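Scrolling down, you'll hit the structures one after another.
In the two assemblies presented below, chain A is common to both, partnered first by chain B and then by chain C.
On to the complex of A and B.
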């Protein structure tokens, strides 16, 4: 259900910031990787001890000759294994697999102006979008909030490419990225794209809405790690399979560990690909996605395997 | 009944409703469309004071007179004698407008489509335009063969004023042209032209 997987080899690792590493991935067979539209991500499949870890990462860029992609990986404090694996186990020469690029965060190209807003690791898709806009001669600005100049690798490249279209906000200098400075007096037809920590995304979107911006002009992407919770049991009504979901495992990961080829794309609660019909739930559905509508959540007929779970005994799914 | 087409690309729109968060309301209406505008703005003097109204009165359908709209306290009122004059005014207003402006359109389907297409040229997302269809069911139709655009087509098939062919009016709607597509109805059986039927939706 994950579609085509591409075997890749890590050809270069760069410590871009104290917490972010950039990895260059080339096909193991030396072939060309498919072009992608700015904002796309791939899922990286990591061969950890006894399990496959799958994390979505935005694509930073593709080599001119198509031979490699770059991704940026933040080492998170509360890593569930993926970012730690990338930082500790992956070396130049390591072999991984990736899925085909998928774009859930596309540019709206007819926009009259584009405001790209990034915080921390959120720069990875924004980097690709800025490059696409630069190449087409579009009107754009980059607003990038970082802890300090030590977040240097991206900053240097962005400055080189985008000059004064880049506005930097350094936390260590008490420079605040204030939407109240950015939102006013933008021409009608301006589009805003935000990627970064969840709290930042929500705040930016809410300020945009409060300033009377239509929802259609406010774009965001947020991949969420599946929250842990109490263990529960899941039964697949059609396949006749029952398995346990551990507290540190997502529903999707438990099904995959049981050999089930369950549907997924982003694995972060954003795309809706893994939404599955619920037959019965002996307990309460804990919806952690940001895809289902409030009405769909209330109806309790669907659950997204990647981030949501059951607080209760057994969940029966139409799979 | 002639089968119009297998699919429907016709944009749907519901009723107008004020966007309470909009800083400026930019409102375009033609003929009977002004009724929909008055429905939402009549009791909202504060909203009127932040509304730019463009109104085209093309004449013959007994729509309210521009004179009756003038004194209602709009931030700006641009009366126009034709749709093309209104659209030319709209270009100027769109060009100067800032984010926080919500666009509304009310009138016939071809008018609403024309306003949306015009705004799309300024980066406005068609789905973000709050629109309501009022008035005639007549369609604006482009002949796919000679590209002549016929305004106010009420029957299918109709005779294309450009090339004289009998055209079936399809539900295939071009957002760019704000027009339906007309295709030769007797292309496979020349001369086999069914009687014209009123377009009822």
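On to the complex of A and C.
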């Protein structure tokens, strides 16, 4: 269900900022990695002790000769393991596996102009999008908010490639990325893409809508990790399996730990691949995804394994 | 695999026919004695040797003649090949997919050498030897999609994915069953499927679209579709209706075997890597009723399918005028014996 997996080796690690590391991944068999469309991510499978951690990471770029990809990983404060593993356990020569690229944050190719807005680690897909736009000679601008010069893992490279199409906003200098400066006077057919902290994404989308932009011209990607909650148990009606979901585990992770090959693509509540029918739930479904419609949530007939949970004792799924 | 390419025509004197081997490998689309629309999508996995599913791109004995027919269509009507400017990356993705697949599986006929962006393509059956720079349109005699699809059997549509839908923004459509790229270009999945009866109410298109939006690189899928054609004509386009529409009135009990053809489309879908577009290939196979009845199971089964197919469906597929005559003709080959499950001949 999880699709094609590619064994890779880490060939280079860069401490790009105090909290972000960039990793270069090459196929262990020396072959070429598939080209990808800007905005794509892969799921990195990490062999932690006794379990496999699976986290999505956006692809920054692919070497000209196709031999490697780069990803950028932020060390999150309350990591349950994934980003900590990448920062503490992964060294040059480490072997990992990745899935084929998946794109849930594509460029709107027929767009007349493209405004790329990034905050912090949100630069990873935006970096790839800017490069694709540069190559096709499109009209684009990059607005990139960072804590300070030392935090801009990508600043030097972006400046080199994009010159004054790049606008930098340094928090340490009280430079504010104000949408009110960016949104007005854009030509019809302009598309805006935002990636960064959840609060920033919400604010940008909200201002866009308030300024009268059609929802179809506003694009975003949330780097959502499965949020924690209270433990509960899950029973698979067809497979006849019951297992516990710990508070620091997602439903999907618990099923995988129990040996179930459950469907997934993004593991971030965006793609819809992991939707499963609910047979019974003796509690409230906590929907954390961005996929189900409000009506579908209210109906309580479906749940997204990767990010949603039960606040209750037992969930019975049609699996 | 060394193929022998036939010299034949799909118009005027209609010399097209299938060899014995081509009949055996025909992708007969009915696994049961009845037919109704469904979300019939499966993994496009390599199938049995010599079958049309053996390789992702199937080249057969009709290759050279079909490419000649495509050239004739394009000469009269260049609008059969169209591409919106934002599809250029998808066009190059298609060049890679088709050249790689053809060269890998038919090395006697096609050869691809890559050195970075410097590519060298040899197509022996069509006598082409081309060096070009991958990604640089100026180095090819035609735009990339047109260039490669003039050399590959089947029609092709390139679908851009945006706003949770697929948009037909590019295509090479010269052998279609009565639909028009010129009309459909720029439409989305629901819009271009609007003329299809029944399927929409069954939720077929909603589910198929949801599935395709998540189509993954490296995991292509396929489905079979079918219709019928009078005379082995590839180009049954609305643009040319005056040429083939009246053929439907020429079917008599005496000429059914020769004139009436079952036309099966092997439709495969791939996610393209650089563009995130989807390519939809429509590879058509035709078989005359005389050829079909050489396989007793197919004769029995097709008789039953055609006899019982819903009226709306027969009307949409344009079968109504010659359906009864054909069913009566096929009845001679149906002794009422049960048929085995599955597509394959017994």
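Simple rule for what comes next: the second predicted complex is superposed on the first by the 317 of 319 C-alpha atoms of A that agree within 3 Å, B and C clash if a C-alpha of one lies under 4 Å from a C-alpha of the other, contacts with A are read in each partner's own complex, and residues count from 1 in each chain.
Note that in this section a contact is a pair of C-beta atoms (placed from the backbone, for glycine too) under 8 Å apart; a residue touches a chain by one contact, two chains touch by 3 or more.
This one's a predicted model, so the numbers in the text were calculated from it and none came from an experiment.
In this superposed model built on chain A, chain B and chain C take up the same space, so to speak, and clash. By the touch criterion defined above, A:213 lies against chain B but remains apart from chain C after alignment on the C-alpha atoms of chain A.
Once chain A of one complex is fitted onto chain A of the other, the partner contacts of A:136 are limited to chain C, with no touch recorded for chain B.
When the two structures are aligned on the shared chain, A:183 is found in touch with chain B, with no touch to chain C.
After overlaying the two complexes on the shared chain, residue contacts for A:279 are found with neither chain B nor chain C.
With both structures placed on the common chain, the touch criterion links A:108 to chain B and to chain C. Contacts of A:168 after superposition on the shared chain: neither chain B nor chain C is touched. The superposed model built on chain A shows that, among 240-248, 258-266, 276-284 or 330-338, the segment of chain C colliding with chain B is 240-248. In the superposition on chain A, chain A positions 108, 110, 216 are in contact with chain B in one complex as well as with chain C in the other. The residues of chain B lying in touch with chain A in their complex are 19, 21-24, 94, 97-102, 119-125, 127-128.
Of all the residues in chain A, the ones that touch chain C in their complex are 3-4, 34-37, 39-40, 64-65, 100-103, 106, 108-110, 136, 216, 265, 271-273.
If you check the complex, the residues on chain C that touch chain A are 84, 86-89, 93, 116, 160-163, 169, 210, 214, 216-219, 273-276. Remark: chain A residues 108, 110-113, 183-191, 209-217 touch chain B in the complex.
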